[in-house]
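Structures follow.
In what comes next, chain A is part of two complexes: it sits with chain B in the first one and with chain C in the second one.
Take a look at the complex of A and B:
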């Protein structure tokens, strides 16, 4: 059920009415029922996957939680009788049991993800190697359909499991409440990847009708629909034209494609998250922000702190830290420091952990070399920037440019261009096509297409370009205002009729300029694919 | 209390503004069909009629371009109306007939069977032209559900603004001029064209993998037969003499067999060229697809005579009120003839 379909709007409207009309004790079962229905709408078979994850993770969480509580109680009871070493040994013993639960459950659930998402990719690569080696015995592909939102709910469940293992959250006792946590439908298909400690606080609480929260939620949804339907789905036509025929659209066309895709990705993904957060807010539930004006970043490092925050922090907390603080890595650090000296020896383990993180980030986005290379290119730029940091510092000191507006704008522009180039790896069908397209920007001299009317042959009319320019200007304006606080709060302070004109105007813009209905293919949100 | 009243009033005014502005936008953005493609206006025009017709035609362009109710009145005193629209599919014809029976019960219904070739709707645009003009009723809802293609939504029919939301960039002066009014574009459902284009090089039908009409097409023909039986209406099946789309002999066999089985009269006008006097060099305006005025009047004279002889239709020209209504219609009909002869630079026959 696409967020932009009439079915979804009708579904949420019905849920909304029931949610506030029925007694508050019905809210949780209602949300769970709605989430299951939403999931079933994608295909009845898929629900088995999410149920398996929910049940196994919940059970492992309960076992780990019980183990920790029992250990703590036993230690308290026998505190006086045991020596420090005995207490430590007991703790270690119980922790080992918890670790087994954790490892087993991770293996199962990440295994499911690996099989349904990556098995055919592995087979394709294996077959390619065999072909290159002139060997026969190619493996057949499996007809595996990717269950809806599997990358998101698996990561959310894994995050919960690790948090329980670490003792940062208590294990959820109710399997149904846990199922609601990982299946909460607004965030099921494109995130954010919520933490149990954050989402659980408001997800399980009863909510009365709060007019301000509800209207703010609906306003946020409307803004999300504007970005998705008026901008992302409009520019999609040009992006598809350019990336669909790399032989024809080279040079300036490829550059335009990169710029357009970056706009599309932003409007699509942030629009979808706006709908998610807005819908949750209208239901009284707080879902954490996933973006903080990412295209205002002055460096790629800053960009990754502002873009898809929940995914980045997940990789940081559940992959980077465990790897970089693991016993093996400590030993490796010791080894490298001894052999290569303090400076390099300290950095190598960080680079190694980062490599694993960025390789995984690329792989998480899709089973394709495009994504892996995209991840590793991000890694390369980040590591290079890290290495060049002292040089930048010297430059900033020498020329005193840091903090100057023009220099900040230059940094923002430079980062934006870099992101445009990196993002395009999502788009082309193969890595070869991507490299060819990027290369053509420097080798094919056809910049006249930018002003000779050729851009009007990419599936967009002059009016479309006008709407896109206006929409982008509006997004930029909103982001600028956002720096000073919530835009909706500011609007809320205005007189009633000013607010009415503004929000109704935005509604009419979506209604009249949105790319929906006959003549338009309902386009999935880009992150639904991941 | 005052604040509450003020808030309630503001909400009420806001809701009214929203409803009225959306209704206005919908009217503005919906196609008016008053010039160019006027076929989309035919279905709605029926509701402006005094509904005491003795004969109703249902079908696609092969009825609304090939038969002239004005001639049927002038020559035989038959008060008739054509409920036809562009590429009107058989299920749409059925529901338009069911819809017409809500208002009147004619003596005879003539159905053109060309649309049996389609078991499912082929084009969303044609669906719109056939369905949008229908008045809302359970019949219209059933017609929409029977017609919708994949990707179409009932909600788009309920609120056509959702369908035409992008038309704001193509608005013309007629969209404003006919915002709250309309003008007649047909003559009792007949679409007049006086120009001529001889039928030359009419393409032969391509061989088909399967010549059987689809199940849904048969189902709705059966339903139409049952509906007419239930209402006590005589049903006449015809195949208009359009040379294209090609009418396959295998289709003809199925129709003849069906008509015999159901005991219905079936007339294939393609086989009656001599009797009707149709001359494909002068009586068609688009190379054989549709009749022009000359062809339509010839066909109407032949069919009128046949209907007077074989059905219970009677001459009603002696009814003063009806005659007066027709006088008005005939003068508009003649005026349009004059206008078109002048427009196309054709000498009046």
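Take a look at the complex of A and C:
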């Protein structure tokens, strides 16, 4: 059930009415029922996957939680009788048991994700190696369908499990409450990847009808639909035309494709998350923000702190830190510092851990070399800029440009262009096509297509370009205003008639300018496929 | 404390670590700095900082970090 389908709107409206009309004690079961129904609509077989993950993670969490509580109580009781070493040995012994639960459950759930998402990719690569070696006996592929939102809910479940292991959250005792955390439908198919400690605060609480929260939530949903239907789905036609035929659309066309895809990705993903956060807010539930004006970033490093925040912080907290602070890595650091000196020895563990993180980030986005190379290119740029840091410092000492408006704009523009180039790795069918398209920007001289009317042959009319330009200006304006605080709060302070004109105008814009038309195909959100 | 301040100053000479209380919230220390810092601390103090300890409250100021090191030393 796509967010942009009539079915979803009807489903949400019915849920909303029941949610506030029925007694508050019914809200939790209602949300769980709605989430299961939402999931079942994608295909009845898929629900087995999410149930397996929810139940195994819940059970392992309960066992680990019980183990920690028992260990703490026992230590308290026997504190006086034990020496420091004995206490340490006891703690370590109980921790080992928790570690086994953690490892077993991680293996099972990441194993499921690996099989359904990556098995055919591994087979394809294996077959390619066999072919290259001139060997016969190719492996056949498995008919595996990817369960809805598996990358998102698996990561959410893994985050919870690690948090329980670390003792930063208490284990959830109710399997049904835990299932709701994993399957909460607004964020099931494209995130954000919520933490139990954050989402749990409002997910299980009873909620009365709060007119301001509900209207703010609905306004946010409307803004999300505007970005998705008026902008992302409109510009999609041109992006598909350009990336669908790399032989024809080269040079300036490829550059336009990169720019358009970057606009599409922003409108699509942030629009989808606006719908998610807005819907949750209308139900009284707080879902953490996933973006902070990412295209205003002055460096790629900053961009990754502001784009898809829940995924980036997941990789940081559950992969980067555990690897880089592990005993093995600390020993490796000591070894390299001794052999290669402080300067290199200090950097190597960070670079190695970052490599694993960016390889995994690429792979998380999809079972394809395009994504892996995209991840590793991000890694290369980030590490290169780390290495060039002393050079930047020297430059800034010599030239006092830091903080000046024109220089900040230059930094933002430079980062935006870099992101445009990196993003395009999502789009083309193969890595070869992507490289060819990017290369053509520098080798094919056809810049006249930008003004000779050729762009009107990409599936967009002059009116479409006008709507896109207006929509982009609006997105930019909203982002600029947002720097000073909530835009909805500001609008809320305006007179009633002004608010009515504004929100009704946006509603009409979605209705009249949304990319529907004859043969309209509800395009799924880009991040649904991850 | 002085030893810890020296490690921090070595990483960011331009920051006043004695007064700054939002090292993480203000983006002064990023994830790469934190890993380098942990490796320096394990080299100079007899403690092991694990991923579990990496929360903003422990890294937002030199004092908080020092408290963490002391706590870990006590736990042995």
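Couple of notes before you dig in:
We adopt the following convention: the second predicted complex is superposed on the first by the 528 of 530 C-alpha atoms of A that agree within 3 Å, B and C clash if a C-alpha of one lies under 4 Å from a C-alpha of the other, contacts with A are read in each partner's own complex, and residues count from 1 in each chain.
Definition applied: a residue touches a chain if its C-beta (ideal position, glycine included) is under 8 Å from a C-beta of that chain, and two chains touch if they have at least 3 such contacts.
Fair warning: this is a prediction, and the values are worked out from it, not measured in the lab.
When both complexes are superposed on chain A, chain B and chain C sit side by side without a clash. Residue by residue along chain A, chain B and chain C are tallied for touches, and C comes out ahead. Within the superposed three-chain model, A:125 lies out of touch with both chain B and chain C [touch as defined at top]. In the superposed pair of complexes, A:305 makes contact with chain C only, with no contact to chain B. Once the two complexes are overlaid on the shared chain, A:504 sits against chain B while remaining clear of chain C.
Shared-chain residue A:174: touches no atom of chain B or chain C.
Residue contacts after overlaying the shared chain place A:321 against chain C, while chain B stays out of touching range.
Of the two partner chains, neither chain B nor chain C is touched by A:72. Once both structures are fitted on chain A, no C-alpha atom of chain B lies closer than 42 Å to one of chain C. In the complex of the two chains, the chain B residues touching chain A come out as 10, 14, 17-18, 25, 124, 151-153, 155-156, 161-163, 165-166, 168-169. Interface residues of chain A, counted against chain C in their complex, comprise 84, 88, 166-168, 301, 305, 316-317, 320-322, 324-325, 327, 330, 333-334, 337, 346, 349-350, 353-354, 386. Put simply, chain C touches chain A in their complex at residues 27, 30-32, 34-36, 38-40, 42-43, 48-52, 54-55, 76. Contact residues on chain A toward chain B in their complex (touch as defined above): 6, 463, 496, 500, 504, 508, 511-514, 516-519.
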